[in-house]
Amino acid sequence: MNWDWNAVVDFLPHFRDGLIVTLQALALGSVVSFALGLVWALLVRTPTRWVSWPVGVFTEFVRNTPLLVQLFFLFYVLPEWGLTFSALTTGVFAIGLHYSTYTMQVYRAGIEAVPAGQWEAATALNLPLRRTWTVVILPQAVRRVVPALGNYVISMLKDTPILMVITVPEMLGEARLYAQETFRFTEPLTVIGVAFIVISYLASVLLRTLERRLVR
Amino acid sequence: MSADTPLLKEAGSRADRAADRAELIRFENVTKRFGSNTVLDRLDFSVDAGKHVTLIGPSGSGKTTILRLLMTLTKPDEGTITVGGQRLFPASDKQCREVRKNIGMVFQQFNLFPNMKVLRNITEAPVTVLGLSKDEAEARARELLDMVGLADKCDSYPTQLSGGQQQRVAIARALAMRPQVLLLDEVTSALDPELVAGVLDLLRDIARTTDITMLCVTHEMNFARDISDQVLMFDSGQVIESGSPEKIFGEPEHERTREFLGAVL
Amino acid sequence: MTSGLWELVLRGVWVTVQLLVFGGLLATAVSFAVGIARVDRRWIVRFLAGVYTEVFRGTSALIMIFWVYFVLPLAFGWQLVPMWAAVLALGLTYGAYGAEIVRGALNSVDPAQREGGIALSFSPWQRMRLILLPQAVPEMIPPFANLLVELLKGTALVSIMGMGDLAFSGSLVRLALQESVEIYTYILLIYFVIAFLLTRAMRALERRLKAGVGRAPAKAGGARARVPETAGAGGGA
C-alpha cells in the first residue's frame, strides 16, 4: 500500500470545489423535495380519484426505480423536448423529484398523526378548509415531520455522487477528474469517502439535537 | 367567576329572537348506521329555543351521534334535521356552513389546537369566520377568559394547562362564536375527578345567566338534574322517555330508565 | 427497437437479477451478523459492530463501489471479478442498513420473553435462536422488503463501472438508436416490475412467517385503524 500525503494536499483545492457543489446540490435538492413532496401529499388526499390515483401511481413509480436511470432520462430526454438546462439544474431537479416521493410519505404520516379531534374542532368552529390546513393541521404535522425529513436529507447527501454521471463536478466528480489526471486513485477516493462519513455523522448528530428541541 | 357579562346577554338575545319560533332543533325520522350497527333508529325529537336539554342513556345508545350530526361531523343515512327552520340535512355544504355558524361544540377531549396559545385558540375563528378585527376578537376572548377564571393564561399553550383548565378554554372558545346552540359532549368524562366540579360550575353559570340553547350528553346525573329543562332518555337508538328532570329522576315510567338510573345513581 | 437490442436489454436484466440476488444474500448475512453483534453482551463487540454500521451507512454506495473497483486492487492487490466487486460493495453497504433493522426488531421483542428464556436456563445463543429470532424475524420483513427495493435501485450504480446490467444496456441502446425517451421508459418500467414482484414476494413471505408464530400480518398500506365515528372524540388534543 502506498499512501502519498502530497497527493492529498494536491487534491484539497479540488475537494473544496467539489464540496461546494455537493452542498449546493444537496440544499437545492432538499428544497425541491420538500416542496414537491408536500404537493404530492396534498394531491393524493384529494377526494377526486382522477387526481389522487395518477399521482399515487406516478410517485410509486419514481420511488421504485433507480435515481441513476431517472437522471439519464431527464438529462437526455429534456433536450430532445427542447428543454435545455445546466447539468446541475437537471441533477437538482432529478434528485429533488426522486426524494419528493419519500418526503411525501413523511408528510402523509405526519398529517395522519394529527388527531381526528383537531379536524372536528376546526369544523365546529366553522374554519374554512384552507385555514384549517394552514393554521391547524400543517403546523402540527411539521413538528412530527422534521426529524424524518432530516433523515432523508442525509440519504440525499449520499446520493449526490450520482450527479457525477451527468458531469456535475461534485465531490466524486472532482475525485475522478483528479484521478484521471494524476493516476492516483487511492487518495482522492479515500478523502471524499471519509468526508462523506464525517459530514453524514455530523448531520445526524445535529438532527438528533434538533429532534430533542422539537419534541415538547 | 361571573357569567353575567354583556357578552353573554348579547348571545342570549339572539336566542330570544329565535324564540319566536319556539322550536329550534328538529330531528325527523333520522336513521344512522355504522356498518350493520343501527345507532339511531328513525329518531324523532325536537328542542325548543333557549332550553337546556340533557341526553342520558347507556353507552353506545347514540347520544353522542346526535351531537355529531348537528355539528355535521357525520351525516345521517335517512331523515331530515333542521336547525332554526334551516335544513342541515339534506343540504348543500354552503348551507351547512351557514347553519353551523349558530352552533358551538365542546368536546370530551377538549380538542384545543396545541400549536396555538390560549388566546389565539379563542380568537382564530372569530377573526377568520366572523370577520372580527384582531382587537375586537382579543377583547372578546379576554372577557371570556376572565369569565372562565383563566384571565392569566392568555399566553400559555394548552399543554401547559390542566385538563379542567383546557376544558374551560374550550368552552370559552365555543362561546366566542356567540352560538345560538351549544353542544356539550361528555365534557367532564376525560377530567380527573377533582377537576370536574370547576367545569360543571361554569356550565351551571352559563345555563343560569344566558338563553343559549344547550344540548348536553353527560354521565353527571346531578348536573343534569340542576341545569336541565328537559331530559331525554335514550336506548337502542330511540328516545324512550322524556320529561322534566323531576319526572325522569323522580318517577321514571319506563322500565329501562329505572334500570339505567338504578345503575348510575 | 430491433430484437438484437431487446436481447441486450434481456442480458442486462439477467445481470441485474444476479446482482440483486447475490447482493441481497450478502447483505442479509451482514445484517444478521452485525445486527446480532450489536445486542451482544460484550461492549467491544457492540462497539465494533456500531463502528461498522456508522461507517458503511455514512458513506455513499457509489463511493464504496469506486473504492472497491479502484482502491482495493491498488492498495491491497485484490483484483476482483467485476460481478464480485459489485456484490461486495452493495452487500456491505446495504448490510449496514439491514443491521439496524435486525437490531431494532431484536430490541422490540418483549423483554419478558428473554427473561422466560433465562428462567428455562437456555444459553444466550439458544435464547437468540429459539426465542428471539423466531419472533423478531417476521417483524423485519416489511423493512427488509423496502431495503431490497433500495438495493435493486442501487444495482444500477454498477453500470457506471461499465458492468452490463439493465441500466448499462439502456445506455448502449440509447447510443445505438440516438433516441432516449423510448428506451429509458422501458428500462424504468422493467425496474418497476422487478420491484413490484419483489415487494409481492416479501409480503407472501411475511404472511407465512407470521402464521408460524401465530400472528396475523398487518393490513397492507395504512396500518393505522381509522377512528370510528361512534367514538366520543378522536385522540387527545
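Should a chain be cited, it is by its letter among A, B and C, assigned in written order, with residues numbered from 1 in that chain.
Basically, a contact is a pair of C-beta atoms (placed from the backbone, for glycine too) under 8 Å apart; a residue touches a chain by one contact, two chains touch by 3 or more.
Owing to the predicted nature of the structure, the values given are computational and were not obtained by experimental measurement.
The most centrally placed chain, judged by C-alpha centroids, is A.
Greatest centre-to-centre distance from chain A is found for B, with centres as Cα means.
By number of C-beta pairs in contact, A-C leads over the other of A-B and A-C.
Between chain B and chain C the centroid-to-centroid distance comes to 54 Å (mean Cα coordinates, whole Å). Computed centre separation for the pair chain A/chain B is 47 angstrom, with centres defined by C-alpha atoms. Note: centroid distance chain A to chain C, computed from Cα atoms, is 20 Å. Touching two or more other chains at once are residues 233-237 of chain C. Counting partner chains per residue, chain B has residues 73, 107, 109, 111-114 touching two or more of them. Shown for chain A are the residues that touch two or more other chains, namely 115, 117-118, 120.
Chain contact summary for the complex, chain C toward chain A: residues 54-55, 57-64, 66-67, 70-71, 74-76, 149, 152-157, 159-160, 167, 170-171, 174, 179-181, 184-185, 187-188, 191-192, 195-196, 222, 224, 227, 233-237. Those residues of chain A that touch chain C in the complex are listed here as 1, 61, 64-70, 72-73, 76-77, 80, 112, 115-118, 120, 157-162, 164-165, 172, 175-176, 179, 185-186, 189-190, 192-193, 196-198, 200-201.
Interface residues of chain A, counted against chain B in their complex, comprise 115, 117-118, 120-121, 123-128, 131, 135-136, 139-140, 143, 216.
Note for the complex: chain B touches chain A at residues 71-73, 97, 100-101, 103-105, 107, 109, 111-116, 124-125, 128-129, 159, 173-174, 177.
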